[in-house]
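Here it is, the structure in full.
The letters A, B and C name the chains in turn, as written, and every chain counts its residues from 1.
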Amino acid sequence: MMTLLNYSRATQLSIILLMTSLGLLSQLTHANATPTSAPTPKWQQTIDQGAGDTVYWHAWGGDVRTNDFITWVGEQTEILYDVKVKQVKLSSTSEAVTQVLAEKAAGQNTDGAVDMVWINGANFLAMKEQELLHGPFVADLPNAKYLDLSPNAPATVDFTEAVAGLEVPWRLARFVFIVDSKRVTKAPLSMAQMLTWAKANPGRLTHPVVSNFMGTTFLKQALIELTPDVSLLQQPATEQAFITATAPLWRWYDAIKPHLWRAGKNFPENESIQQQMLSDGAIDIAMAFDPAAAAAGIASGLLPTSARIFVPSLGSLGNVSFVAIPYNASHKAAAKLVANFLLQPETQAHMQNINILGSFSVLDPTQFNETQAQVFADLPTSEALPTLTDLGPTLLEPHASWSVKLKQQWSQRYSQ
Amino acid sequence: MSLELSKFSVINRQGQNLFTPVDFAIAKGEVACVMGPSGVGKSTLLNAIGGHLSSDFRIAGKLVLNAQEVTHMRVAERHIGILFQDPLLFPHLTVGDNLAFGLKAKVGDTKQRRLLVEQALDQAQLTDFYHRHPQTLSGGQQSRVALMRALLAQPQALLLDEPFSKLDLDLRHTMREFLFDQARLRLIPVLLATHEPADAHAANGPLVILKPHSSQAL
Amino acid sequence: MLSSHWPKLLMLIALGMSILLPVVIGLGEALRAAFGILPALGRHSFSVNAWQQLWQLPGLISSLRLTLFSGFAATIMALLLAIFGSSWVYNSSLKLSFLGRLKPLVQLIIVPVLAAPHAAIAIGLAFLIAPSGWLVRWFSPWLTDWTLPPDWATVQDLWGLSLTLGLVIKELPFLWLVCLVALKQINVAKQMSLAQSLGYSHSLAWRKIIIPQLYPLIRLPVMVVLVYALSTVDMAQILGPNNPPTLALVTMRLYTDANAQMLLPASAAAISLAMLMVVSILLWEVCVRGLMLINKVSIRSGGRASKWTLLGTTLITALPISFILGLLSLLVLAIWSITWRWSFPEAWPTSWSFDYWLQLLTEWPLALKHSLITALISSGLALMLAVIWLEVQDRFGGHFYRATLWFIYLPLLVPQIAFLYGLKVSFLRLGLSGGIGTVIWAHLLFVFPYVMLSLVDSWRALDQRYLSVAKSLGSSSWTCLWRIKLSLLLRPLLIAWAIGMAVSISQYLPTLLIGAGRVESLTTEAVSLASGADRRLVGVYGLLQALVPLLAYSCALLLPRWVTLKHMK
């Protein structure tokens, strides 16, 4: 530095220019995702607080590609923020909910075991009601600008429950059907068609157990299609309303039940096992929450190459997967850094790449600049991968009370 | 009834005879003694005759009981009783049930069987011992019960593997006489393995000395 | 005289408390919640609401029926087969026949199925006998003309038969081993010779003489098997039906329901399950006593005729079938672990891949490390504690023996799911959660009883005269006693240790709940991946889980031989 002052002005300027451009160059050749704008003081504080921590992200561990993606996220955040990510593999999200609940019961209000949890729907409702969540914090994230946070946008409502800034979306879910196109040439596109199809192909259709999220969703999908007045579903369910709204559903279900797999006496435990049955050839129609499920399954050898997606012509239920931070998390700042990273367009594009994960991004494309939009456009495609337009309209999720009642009523009617 | 052994020997895994093959016969009511140095195979011989040989051994020769060849017959069909050094009364049964176990099935109904067991107890001078547990009996008493149990099964021959070695001199004498009396009464051939010359003397029957087969090799 | 025993008495009490206390605490918490007291949810008042909720669950009676049927049928079948198998091992008349020559192989056949965790066997079996499973694939389509799997209920059938089958396959080797160890205490050979010389056939002699003496020695392990069969979660999930499932699964579903209010009926279900165990054990004992009485009557009648040929034929065919199915289940997991794609009706995978094994080398060390550390420490500790316990009892003179045995085995006689959640909350209160230390303690709760179970018979059967001789030769110090006792008991000690390793590796709920997800083990990883139904991964993890105990057993069986060989040189 001292020697710099000995040189002439021109040399000084060129040296400074060189160093600045080198600095810029090094920034550009850095990891995939780089924060492009300078952080606000508040965000800088978060970055400083979170540096050096390990975030324990409790997430369902049943899909290898998701697990690999989470590992990749951890590698990137380590480079960017010196924050490591440790995935705690769950068989069911409720395991994390009960963990935090138990900690609250024991009075452990700091240093909780769960830093971040992949969550939505009933689990989110449970945590929100029990005041187990930290926040609201979504607005604090710089990358929240890429989200469509207008009222009633998918990112602000989780199964009719207001998100209220308590959870960050990270991947899109749509209820879709998967068929083996070799065996099913004309897919049934409505519940009525499904009944005819089931009668013609007995034992080739089933749904997961109703206590499982996917099983309830199938019933909800059928309810939306068959109920006389759809707007009622957005209100909490009253006894009378429930009876009238679900009457056609139960009629249809009574008609289809004898033609289900195992004559409707037993059901697969979850969607993964159902997809495995499809692969085995035991059934012809399976379900998934991920529109990329068929392509991903083919790529990982779990589904036959002829697997294809279809959605009912009326549209299908859609929801968003979120991450939330418990109120007593040990590493809140670091968790926010990871959540923010998930919203980075480059991250979402990486996730949407069918060779990596294939889940659809939750970002609002109108917020992209040209380069970012190009990244998305350049993503590889596959025959088994539908485009967003292929998926048709998204149906609104009914109020949570409908799910609860559906489950109860189904159990009462059809348990042996 | 008689028990005849011809060129009878036990062969081990390596194909060698344990002892020089024996030939002898025991007549009804006779008590024969088999003697020999320790480890020569007296117990093995008795096991071979009774049919209890382990799979490590093979039999050579012939064994005839009452004009029927029983060399390779199954144990349950041979009707050859055996008594070991330990009385081995079944610990989960009472004395009476132990005896009842020995009693043949076709003998009468419950009342009659009970009677027979009581009679056997009387003979052994153990009246009123029906409900006692074997562990509460003395060594001598247990031996007597064991003997009666074997006899109640109405065996066609009886083998005894040093049954008195754990008893004191007086008891030994009493038991021996008791045994010989019973054998003579029921007219069954008895083979007694022992290393007490006094036993052989009292038995007054055929004496078999077992010689180790490899004695020449030494 | 008693004063000198006080320190030892205290030690026994301390040991007992550390085993008994967690169970009592856990059950206590569950009991409180079942009657409406759960502060975390804002419930502070006593109420029986939870019980009403539980009773109103649809299909509860069917669940009860299913649980009782599968639990009892599996235990009875496994026990009969184990006893029958033991009689076959002791049958000297099978000398040179084919069956006789198989005897040395018994250990080899038992060990893999014994070492493999329950979940692994269940998944393998489920694939083996499913309508789209391996057995059907072998015979399709050339024999059966099927290009699509038939809609049969061979797995997850409503009667629970496949669950019963899975339980039998897994419990049979354990009970067989237990029988063989117990039989060493009875003078089997001589008693069988005696009985047969009295005219009884081998099987009849076995039934009337050996079994009544054997049963009191194996009573406790049989109880443990019964409790497991009635309260298993992982096997029921994979092989049992789910509409309605077994009671243990109903409890599990309530505990994991997103609606936190369900924790109360969940606790009620947990307490019901615990009470069901008590009732079942009593019922079992009553039936056994009844059978023993019938046996006594038939002994008095002196019948020599063998009326059991039908049962005998069933058992003789069922025994090898059970082992073949068990080994095939493990084999099919191995095949899946190197498969890429395997479609119906191919008899073998369509395409292969070693990717998953290679991936394992880079990704897993932590879970493997955790499992190994936990297993080694908990089984080592358990072994030490067991030896101390038994030695102290020996010096005490076995007064409390029977009583203390029952409360050592308490953690095995109470369903895990009934008390682990309550225990977790208590641990949290003490600030003891999420560390590998507490996980080891939680494992110790279950490993210690098994280690004791497998060690106690051999220990007690040790000829005391060896020790008398040693003492008379001047060695009255502890170390010499240890040298003699422990070297004489080397084999049983190592086998007990191997069993401890196997039990620790297969623990799922303890690691999950007490470790708060911070301690991942081979089993937690495997089960969470099994929920994704990727059979290839499950194949890899299932095999890994079985590998560690297998290595432990091999050590246990080979080390003593190596030691004696060294001595002989």
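In this text, a residue touches a chain if its C-beta (ideal position, glycine included) is under 8 Å from a C-beta of that chain, and two chains touch if they have at least 3 such contacts.
Everything numeric here is computed off the predicted structure, so don't read it as measured data.
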**Chain occupying the most central position, where position means C-alpha average** = C
**Prompt:** So which chain is the furthest away from chain B, centre to centre on CA atoms?
**Reply:** A
**Request:** For chain B and chain C, let me know how many angstrom lie between their CA-based centres, rounded off.
**Result:** 44
**chain A-chain B separation of Cα centroids, rounded to whole Å** = 82
**Complete:** Between the Cα centroids of chain A and chain C the separation in whole angstrom comes to 39
**Fill in**
Among all residues of chain C, those touching at least two other chains are none
**Item:** Partner chain B, residues of chain C touching it in the complex
**Value:** 92-96, 100, 187, 189-191, 193-202, 205, 208-209, 212-213, 296, 299-305
**Complete:** Note: in the complex, chain A contacts chain C through residues 56, 58, 60-64, 88-99, 101-108, 113-114, 121-123, 125-126, 129-130, 202-203, 209, 211, 261-262, 265-267, 269-270, 272-273, 275-277, 279-282, 300-302, 304, 404, 411-412, 414-416
**Of all residues in chain B, those that touch chain C in their complex** = 47, 50-55, 74-76, 78-82, 84, 86, 88, 90-93, 97, 100-105, 107, 110, 113, 149-150, 153, 155
**Request:** Report the residues of chain C in contact with chain A in the complex, numbered from low to high.
**Result:** 38-41, 57-59, 62, 130-132, 147-149, 151, 153, 156-158, 237, 241-244, 253, 255-260, 263, 340-341, 343-345, 351, 353, 421, 424-426, 428-429, 431, 433-434, 512, 516-518, 520, 524-525, 527-537
